[in-house]
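Notes for the one structure printed next.
When the chains are written out, they are named A, B and C in that same order, and each has its own residue count from 1.
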Amino acid sequence: MDGTPGMHRLEVEDFTVGYGAAPIVKNVSLAVQAGTVTSIIGPNGAGKSTLAKAVVGLIKPMGGRLKVDGVDLSGRTPERLARSGIGYVPQVMNVFPSLTVRENLEMGCFLRRSKTRHRLDAVFTMFPDLRSAAKRDAWTLSGGQRSMLAIGRALMPEPNVLVLDEPTAGLAPRFQTSVWEHVRTVAGLGLAVLAIEQNARLALSNSEQACVLVLGEVRRRGPGEELLADPELVSLYIGGGDGGRSLHAERTA
Amino acid sequence: MTYAISVLTLGGITVILAMGLNVQYGWAGDLNLSYYAYVALGAYVCGVMMLPPPNASEGNFYVLGLHQSFFVGTIVAVAVCAVVGLVVGSIALRRVTGDYFAIVTLSVTLIFYTFSDQYAPLFNGPQGIYGVPHAFGGVLRFSYSGYNLFLLGLVAAVLVVVVFLFEVLYRSAFGRTLRAVRDDPISVSAFGISPYRRKLAAYVLGSAVGGLGGVLLLQYVSAFSPAGWSPLETFLLFSGIIVGGVGSVWGVLFGASVVLIGVPQAVLFIPAPAGAATFLPALQNCIIGLIILVFLYLRPRGLFPERSPVLGFDGALKWQSRPVRFVVGRVRTLLGEGAA
Amino acid sequence: MTAFFNAVGFGVVTAALLALATTGLSLQYGVSRLPNFAQGDIMTVGAYAAYAANGPFHSIAIDGIAAALAGAAMAWLVYMALIRPFASRGTNRLTAVVSTLAGSLIIQDVLLIIFGGNATAFPTIQGATEHIGPFLFTTEQLVIIGVALVVIAGLHATLKFTFIGKAVRAVADHRDLSRVSGLPAGMLTQLTWAVSGVLTGIAGFVLGLTAGALVPTLGFDYLLIIFAAAVVGGIGNVGGALFGALIVGLGMTVAAVYISSDYKEVVALILLIATILIRPTGLFGGRSSARRFAV
């Protein structure tokens, strides 16, 4: 995993995504460098998950380009994007419940079966909990273990890019922190990480770059620390109880 | 001439049947595979109402045998179909929808078919009922050809009434609510409307129209037996609905006329191999099956789609993506965007 | 009581053929989540293929292989032509029901055109009878039961232990997740349908053997009985398919002895309706919907 520093690993240019006439995500562009985390925050219904699904090919964008390491991958199927080094951790349904932990990880390595043993060791080293649970069926796992397994599965084929869709959803705060520690570790391996996150404070304090997505458009962007220091942003999206309500007002206006 | 009258009469009856099925499939969105059971039930009940008591020495058995007029027979037949529809529908629709509803209703049809075939005391078993008197025969005393013309007129009159009634219903609050239920039952429930009741009403209405069609079919052939119908018959009717436009009254009128009258006539021009009596009917069914598939692939909403769709047939997807105008009776609401 | 014990032999054979067809249906449902109303007609195709192969070869083994291959080809075709175009569009589930019913109509009538409407006599093997406990089996019945058990056990082991089997279960669990993991979900789905057709084709062959005569509606008349076994056992579940097949198969046969063979299908249909209305997850399923496709 030798990322050339400064080279854009993942580039999303002018993405427009939707199902019908009215797009959910409008003209979103972003770039994630190797070894860094870019997080996308924003209210419910802003189109964050839709954007993530479009990046990994599960929804066909209505317009825009997708590049990894400068290679245009627009319009490819999820299978081919996975082969091109894009890993994805969905928000829900992120493990195969009827398979064991080990089998889940093996499925992640479908593309490079000869490397399975080697990769299993690497993932088990990163997530020691998974090693002890290797023979358990995935549906018996706790929420925290499940998130670890989902990330581990996505890392099995040694991707260059990792897209995470709300990896902390539904987890207790201490597990949320632990998930983000792992996200940092993953970035440290040289991957370009794009993370959707509900918990804006957690996301911003762990990301090099961040975008605020509202109603399908990028409303703000900048280094995570900088956005975290912005009082207006904090009061809208992070601070007390008002954030959600004022956003709701903005949506219905 | 006689042949044309015969074709038009049978065609008219088939179109009436497609109309009734369209209420259930097109408006309520329920894939009812028991429809033809109500057609058969209507025919049988009207028959045993009009026939004299069965003559056991000739090996005939059936219930009733009341020797009533066509008028009474029709009313009783339609009423029985509606009541049976109410009972079956209230059990089935309360618990299941979608593919399970299709499976349950197909099962009901097969059970009814088995009993009508095997349990002779009901409708004379495999022999079925035959020699049913002509409608109004005692009053009108038509010649054979005159009666055929009269029957065509009767079918045409019923068809006009059915089309008019359904056109009114389609525009009515009931029709619009029913289609809204079909497209998005959950949102409709939020308005305090019970999807179950609307669907049940559609099921009963469709069953009654099916029974009425069955009565006319009985008059057309003056007999009815298990060999004369099969549970798959319902499915042929779907072709008319899918080609014409699911839900649309005029579309189904057109589609059913073209497919269900046109195709059987058209295949008659194809030379059949000698001695293969099943060739043409089989070919006809193949063509109808292919027509259904082609339309499902290329034009799933038919030639004449419903005017002003309430939500679009695969509603859930659409209301997720854009705000839609939701019309239920007089309530007009704008639903916001769903979570994407 | 002798009649009862003799009936059980036939009932277990019915259960064996049902188990094959129901397991096939469960496989299809597992990867596609849509009901296949042409499943009975895949059986019919298998039976006619066995009949066609029997002419030149006179070998029951070759008959069975022909049925399996024809079933696989037919099931694959059903998937490609009737299921896939509608599964990918995310349209109304009923569209798939209507399209498979249209397919069923076409298959039946093509068979009618090729083979004619008259029943085609199907060769049956006359074997010695053997007593196993109080039950009476013919050699033919024992072979059928054995073949069914071996095929289903083989499928179970494949799904449980081989990499490709696990990949199929992964696709059945979460299709999108399998795709983003790089699994060729489309190819695995086609493969699963073909394998389901092997089981269904063999089931059709067995149905032909027990019926002794072939008509184009042979399998369609069996469709709801397969649904009954699948629903009673809990659809999408191999263990449940076996269990449902046994209940429905024995129920029908015992009903034929004590009520009348004319009404044995009615018993299966009532079991089907009652299960759907009262416990739609099946008697065997329901513990965890996440484990629907578990083995």
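Assume contacts are C-beta pairs under 8 Å (C-beta built on N, C-alpha and C of every residue); 3 or more make two chains touch, one makes a residue touch a chain.
Because the structure is a prediction, the values reported are computed rather than measured.
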- When you take the mean of every protein CA atom shown, which chain's own CA mean is nearest to it? C
- Message: Please identify the chain with the largest separation between its CA centroid and the CA centroid of subunit A.
- Response: B
- subunit A and subunit C have mean C-alpha positions lying a whole-number Å distance apart equal to 42
- Query: Between subunit B and subunit C, what's the gap in Å when you average each chain's C-alpha atoms?
  - Reply: 31
- Message: Could you work out how far the Cα centre of subunit A sits from that of subunit B, in whole Å?
- Response: 52
- Task: Could you list which residues of subunit B touch at least two other chains?
- Result: 317
- Item | Where subunit A touches two or more other chains, by residue | none
- Note on the structure: Listed in rising order, the residues of subunit C that touch subunit B in the complex are 34-35, 37, 81-82, 85-86, 90-95, 97-99, 101-103, 105-106, 108-110, 112-113, 116-117, 220, 224, 227, 231, 260, 262-263, 265-266, 269-270, 272-273, 276-277, 280
- In the complex formed with subunit A, which residues of subunit C make contact? 163, 166-167, 169-170, 172-174, 176-186, 288, 290-291, 293-295
- Within their complex, subunit A touches subunit C through residues 56-58, 77-79, 81-83, 87-88, 90, 93-99, 103, 106-108, 110-111, 113, 137, 139, 153-154, 157
- Okay, in this complex, where on subunit B does subunit C touch? 29, 31, 91-92, 95-96, 98-100, 102-104, 106-108, 110-111, 114-115, 118, 232, 235-236, 238, 242, 276-279, 281-283, 285-286, 288-290, 292-293, 296-297, 300, 313-314, 317
